[in-house]
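One chain, chain A, appears in both complexes that follow, with chain B as partner in the first and chain C in the second.
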Partner chain A sequence: MNMRQVGIEIPKVDVLEKALGEAKYGADLPCQEPLHLKVLRSPTSHAKIVRMQMEKALRVSGVERIFTAKDIPGKNLVGTIVKDQPILASDRVRYIGDAVALIAARTEEAAEEAAQKVVVVYEDLPSIIHPEEALHPHAPLIHEKGNLLLEFHVIKGDVQKGFKEAEVVVEETYTTTWVDHAYLEPDAGISYLDEKGRITIVCPTQNVHYDQKEVASVLSLPLDQVRIIQCSTGGGFGGRLDVTIQCLLALAAFHLKQPVRIVYSREEVFQVTSKRHPLTIRYKSGAKKDGKLIAIEVDILGDTGAYASYGGTVAIRSAVHATGPYQVPNVKVRSRMAYTNNSWSGAMRGFGVPQMAFAHESQMDLLAQALKMDPIEIRLKNCLRVGSETATGQTLTASVGIGETLKKVKEWRDKLSLLKDDSKKPFIKKGVGIGSMWYGIGNTGIANPSTAQMEIDPDGEIRLFTGVADIGQGSDTVLLQIASEAIGVSLDEIRLIRADTAVTTDAGATSASRQTYISGNAILDAIKNLKHSAIQEASQLLNIDENDLFFENGKVKSRTCLTTSIPLREIAKRCAKILKGEGSFDPETTKLDPQTGQGVPYATYAFATHLAEVEVDTESGKVSVNRVIASHDVGKAIHPQNVIGQIMGGVAMGTGFALMEEYVPGEKTSFVNYLIPTSKDVPEVIPIVVEDKEPTGPFGAKGVGEPALIPSAPAILNAIAEAIGQRIYDLPANLERVLGAVQKRKLA
Partner chain B sequence: MIPPFEYKIPNTIEETCDLLWKAKGKAKIIAGGTDLVIGLRNGDQAPSVIIDITRIEQLRKIEEKNSTLSIGATVTHSEIASSPSVRKYGKVLSDAASEIGSPQIRNVGTIGGNIVNASPAADTLPPLMVLNAMGRVISKEEERQVPLAQLFKGPYQTQLKPHELLVQISFQKLHPEVKSSFVRLARRDAMAIARMNVAVVFQVEQSRIKDIRIAVGSVTPTPQRMSGAETFLEGEKLEEKLLKKASLKVSETMIRQSGIRPSTSYKQPVVEALFIRAMKKALEE
Partner chain C sequence: MITFMLNGKEIQVEVPPHWTLLRLLREKLCLTGTKEGCGIGECGSCTVLLDGMPVNACLILAPKVEGRRVETIEGLGSRESLHPLQKSFMDHGAIQCGFCTPGILMSSKALLEKNSQPNREEIKEAISGHLCRCTGYHQIIEAIEALKE
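Showing the complex of A and B:
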């Protein structure tokens, strides 16, 4: 198929307004004389609230009202799946930063002063810091139902038998820690009653329809009384999948009946938004002499912190992805997620898979080392291909590009002559490492539909309606490209209406790398239906049988009479009504078996391999990543530049995950002490786009948002291991850990 | 929230001294603000008066006088890094200034600010220590010259009285044959506080070490000269083994000053290595 809008180089549709600084982010939103909101938060990680005294705070000039849990008319609990997180704590706080009271005042200063004058008397409860401790039978309970949020298993074949047949076995324990999303825009937004009296919230978010449900539940309002509008959003990476400021804004606007505004400081964002789940992964792998994997046994324990958020999702997805992109006949995985009194963990780019990839890719290199095999060869030998069966018993039927990504990286590696240590700097050791991954597109084994509408009105305006939130990843452009390609009109002729619950329908979250694939397909479905109704209308207008008509390049044409053709706009104009196509798509998945995890969790998977070249300063432990070759099977790159942009950003984030990002609750407060890579720390990136088309994807597309990040850290860690001859099992590989490994190597 | 304060912009040193005197210890000086503003924001600092000294022309100059090079307190790190005379007569300082923070920080942060903030990790302090820099301090009461080494009391604390103003730093120009270097380690390659920073200055005469000065930052509560290692090396023949032994003196001093801490197992071997690296770098340059 010769495509005009897909796979071409065009600017992103929002690029100009962002480059010119015209885009309105949360803190830029115009709002007439709003009241300013400030949250009072818990200074302690676990305590009973004995009493609160507001008198002094209420006397601060400019203070309008102070809200507590008692002011919440509906359900004071939110959460994506398990609802256990209060908007304002009523009797108990569970982490440093739990919201306790909300102050509304005429100025930010007054709100802040009042926050300092609210007296809260706490009675400390014992805090649980480690998930192992949380699961101890006599551990104090953080939530009444117990400290285990979820336990999930994937069981296939017979691991005992598998390990008996194994000729080499490696077993290690890997740990990862909290990581902050570090999105550029601190959470901020406004709320007001719109012309229809609806509680309206304008803010950065990854999912307006989810926000709408949470706000409605908190305020005990029908859904149509709540409206969420997404403003320009400065990044998300999963951090804006949970509600952040939405319910606080809504609560104040609901009671005060006037506009309110909240702007988090960066410190507040660090303290109170979700983090990547720290996982401890015990991983045992067995292989035959020829390198073929025969069994893996994996035990995962995660820290969800004070609340559930996406803890269950991460426990399940990490278990499902535990094998890596490899065929393993015997699999036993146990994955548990426990509550603690740490900062709450939530969704973050990859949902546990980046942590798992660090473990399974380290294991692959250890096996290769034990078998004296080339790291790429052992991966090629085991990698999934068409016809392979995954650990959950799913047979892959198409678009399994892992082998191709490995081959592309191998071509690069074989022509590089890398391992020349510098004689002038004998303390510098160089190394090359490989990291591969697979990633299921969309939610795991549950329905995750998207809907969309496409319409054309008699005035000739063509409109695309989608609930998809573009958080900078480029869905506005990609979805318009898909629509314009399918309908046969140019991209700038289509008006995009998106992410406003009053005018768009649920597209699900911008997460799980799902929007191109799922919402792209929903749009194609809408266009199919729009074309159908256009043909019906044209049939009447032209008095030609429907079966003789077909749709091509924005026109309805006749098969028999070659001169008969009527443009879409003409049809709408002549029949004087809006032509509309409704569309939806839900990928084909099955529910996973609760005992064995067997089933079809995803309709399709993305695959990738990175090669990292590093230099290790063996006297200080400082690691420099010089270059990353990043090869990604995305199915089809709808917007190639954007795919490359995702890969570049993924490598940058992966470099931080590998080497320096380390959130510590109560200690790391802002970018002053939470370090992410700067432009000087980010390697050169050579992106390679592999297009193994997915038959069910829009024009063959899958996804790339999370896959871009996942293989970087494993490749970097494997490169460090090669450079210094000693492996690091705990992330990040900071100065102390790398130097420790060098010293351990010397002792060995 | 930053509490309200008065903002004064004097044009002369005298005016500044008057303002400081009147403020009775409740004033803070601002130049680049790269440390003060953070302090204001996180509540560590709550002055009632802030005195902006960036308009005082006298403080903005780099001057050569006979054998001395003087740098005004509000000269920025960028200006130091790009000054031909600092590069010529005090390259160790020029190198350090060019590695501080980021271009934005270097464009506003000043040498005077870096000194009086007295961070144990400040990048200009080890170079100034090995240059035997002197500070010129003025107040309504008196004017005095103070060796930089005597200016520090503890982490983030100086001996300056609240009404005193540091106006200038000066040091003896280094001769062209003098070897010097600055070596820095941080957790990332820009915008990171130094984990360690080492400055060395020495001469080599008939392959023997002469006039050696060593200072290490970030490992002791205040910037220190490593006098044990200096004495050990003075007059000795420059050999690999000797450097190794001297490096142990450096780490000994660190441990004596800072005690054994959880970070010591990392810092000890690294400070030794960085010291040796600094010595070799100086010889290469």
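Showing the complex of A and C:
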């Protein structure tokens, strides 16, 4: 197929207004004399609320009202799957930062002052800090139903037999910590009643239709009385999948019947938004002498903190991805997620897979080392291919590009080893490491639909409707490219109407790297239906049998009479009505067996391999990542520059995950003590895009958003191990840990 | 009342003495192109030019700009005539979420005015005070590099 709109380099559709500084983010939204909202939060990690005294706070000049849990008309619990998180705590707080009251005032200063004057009397309860402690039979309960949020297993073959046959076995324990999304735009937004009296919330988000359901439930309103509009969103990375400010804004606007505004400070964002789950992963792998994996046994324990959020999802996805992109005949994985009184963890770019990849890739290198094999060779020997069966019993039928990503990286690596030279500074040690990954596109083994509409009106305007939230990754552009390619008109002829619950339908979340694949397919379905109705109309207008007509390049044409052709716009004009196509797509998956995890969790997978070159200063512990070769099988790059942008950003975030990022619950955190990579910390990146087309993907596309990050940390950690001859099992590999490892090596 | 040059025009404005330049720009002058990512001088998203030098507007008290020259993203270019940096950022994929973009554009302008032939290290240095969580900086660096004379 000769494609005109797919696979080309064009500026994204939203970048002009961003370059001009005109794009409106949450705190930029114009709003007529809003009241300012401020949240009063728990200073303690687990306590009963004995009483609250508002009198003094209410006397602060400018204060309009102070809301507590009693003011919530509907259900005071939210959560993506398990609803256990109160908007405002009623009787009990479960982490440092839990919201207890919401102040509305005429100025920010008055709201601040009032917040300091509210008196809350707490009675401390024992706090649980470690997930193991939480699962102890006599542990105090954080939620009534118990401290185990979810336990999930993946069982295949016979692990005991597998380990008996194994000729080499390695077993280690890996830990990861809390990581903040650190999206650059602090959460902020406004709420007001629109002209139809609907509670309207304009804010950054990754899923307007989910937000709408939560707000409606909290306010006990019918869905159509709540409208969510996504404004320009300064990043997400999973952190804006849960509701953050939406319900607070809505609650205030609902009662006060006037516009309200909230702007979180950076410190507040750190304190109260979700984090990456810390996981403890005990991993045992067995292989034959030739390097073939024969069995793995993995135990995963995660800390979801005070609330469920995506904890269950992460537990399941971690287990399903535990093997890494390899064929393993005997698998036993147990994955548990526990509540604690730490900050709550949620979705973050990869849903547990980055943590798992750190473990399985360290194991692969340990096996290679034990067998004196080349790290790329052992991976090539084991990697999935067409026809392989995964740990959940799914047979992969197409688009399994892991081998190709490894081969591409190997070509680079082989060139490098020639270049490798000894440094003049003997305390600087160099190393090269490999990390591979696989990532299932979309939600895990559950329905995962998207919907879209495409229409053309008699005046000739072509419109694409989608509920998809573009959070900077470029879905607006990619979806328009898919639409314009499929319908055969240029991109700027299509008007995009997006991410507003009043005018678009549910496309699901911008998460799980799913929007190109799933919403892209929903749009293709809408266009198929639009073409069908155009052909029907044309058949009547031209008095030609439908079967003789076909659609090409924005026109309906006749198969037999080659001169007969009528443009889409002409059809709409002549029949004087809106031609419309409804579309939907839900990838083919099956529910996973609750005992064994067997089933088809995803319709397709993305694959990637990174190679990292590092230098370790063994005197200071500083690791410099000089270069990353990042090879990604994306199916088909709809917008290659965007794909590369995702890879570059993913490597940077992966470098932070590997070396520096660590959030400590309850500590006052800002960018002073939570460091993310700057322009001086990021490696040179050589992106390699492998296009092993996915037959069910739009033009062959899969996804890349999360895969971009996943292999970086494993590759960096493997490179550090090679450089200093000692492996680090806990992330991040910060100065102390690197120095500790250097020390350990010396003693050994 | 303070008087200063804002994007080439002299303005007079009443401002409480404890307000920062960032607050003045955003709240009073409705110039919301300059962003607040941290409020404490750590992220660079509030960068404006003060007498041609990049500064964090969240750290400058508004009265300090009396008699001085302030340039913000709103003065950099327009739809009709984009600044070459704006065009280059758009063409190179240097803008993802775009929240860091106005600040980085202002620092880049200052860099190129001082040094029309910056090498990669100088570019990295010039934007090292800016956090960008989306791009990994590479396409930003390329966009600036493309404007070397």
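As a working rule, the second predicted complex is superposed on the first by the 740 of 748 C-alpha atoms of A that agree within 3 Å, B and C clash if a C-alpha of one lies under 4 Å from a C-alpha of the other, contacts with A are read in each partner's own complex, and residues count from 1 in each chain.
Heads up, the rule we're going with is that a residue touches a chain if its C-beta (ideal position, glycine included) is under 8 Å from a C-beta of that chain, and two chains touch if they have at least 3 such contacts.
These numbers come from a predicted model, not from an experiment.
Once chain A is used to superpose the two complexes, chain B occupies space next to chain C without a clash. The partner of chain A that touches more of its residues, comparing chain B with chain C, is C. In the superposed model, A:L141 makes contact with neither chain B nor chain C.
Look at A:A447: by the touch rule set out above, it reaches neither chain B nor chain C.
Rounded in steps of 10, the angle chain B-chain A-chain C defined by Cα centres in the superposition reads 40°. When both complexes are overlaid on chain A, the residue A:E22 reaches chain C alone and has no touch with chain B. In the superposition on chain A, A:R266 contacts chain C only, with no contact to chain B. Of the two partner chains placed by superposition, only chain B is touched by A:E112; chain C is not.
Of the two partner chains placed by superposition, A:L416 touches none, neither chain B nor chain C. Contacts of A:S679 after superposition on the shared chain: both chain B and chain C are touched.
In the overlay built on the shared chain, the residue A:L739 is in contact with chain B alone; chain C does not reach it.
For the pair chain B and chain C, the least inter-chain C-alpha distance in the overlaid model is 5 Å. Shared interface residues of chain A, touching chain B in one complex and chain C in the other, are 672, 677-680. The touching residues of chain C, counted against chain A in their complex, run 26, 31-40, 42-43, 45, 72-74, 76-79, 82, 86-87, 89-93, 95-102, 105, 123-125, 127-141. Within the complex, the chain A residues that touch chain C are 11-12, 14-16, 18-25, 27-28, 181-186, 232-235, 237, 265-266, 471-474, 641-642, 644-645, 648-653, 670-672, 676-680, 682, 685. Touching chain A in their complex are the following residues of chain B: 1, 38, 42, 102, 185, 187-192, 195, 263, 266, 269-270, 273-274, 277. Residue ranges on chain A touching chain B, taken from their complex, read 108-109, 112-113, 427, 619-622, 624, 660, 669, 672, 675, 677-681, 734-736, 739-740, 743.
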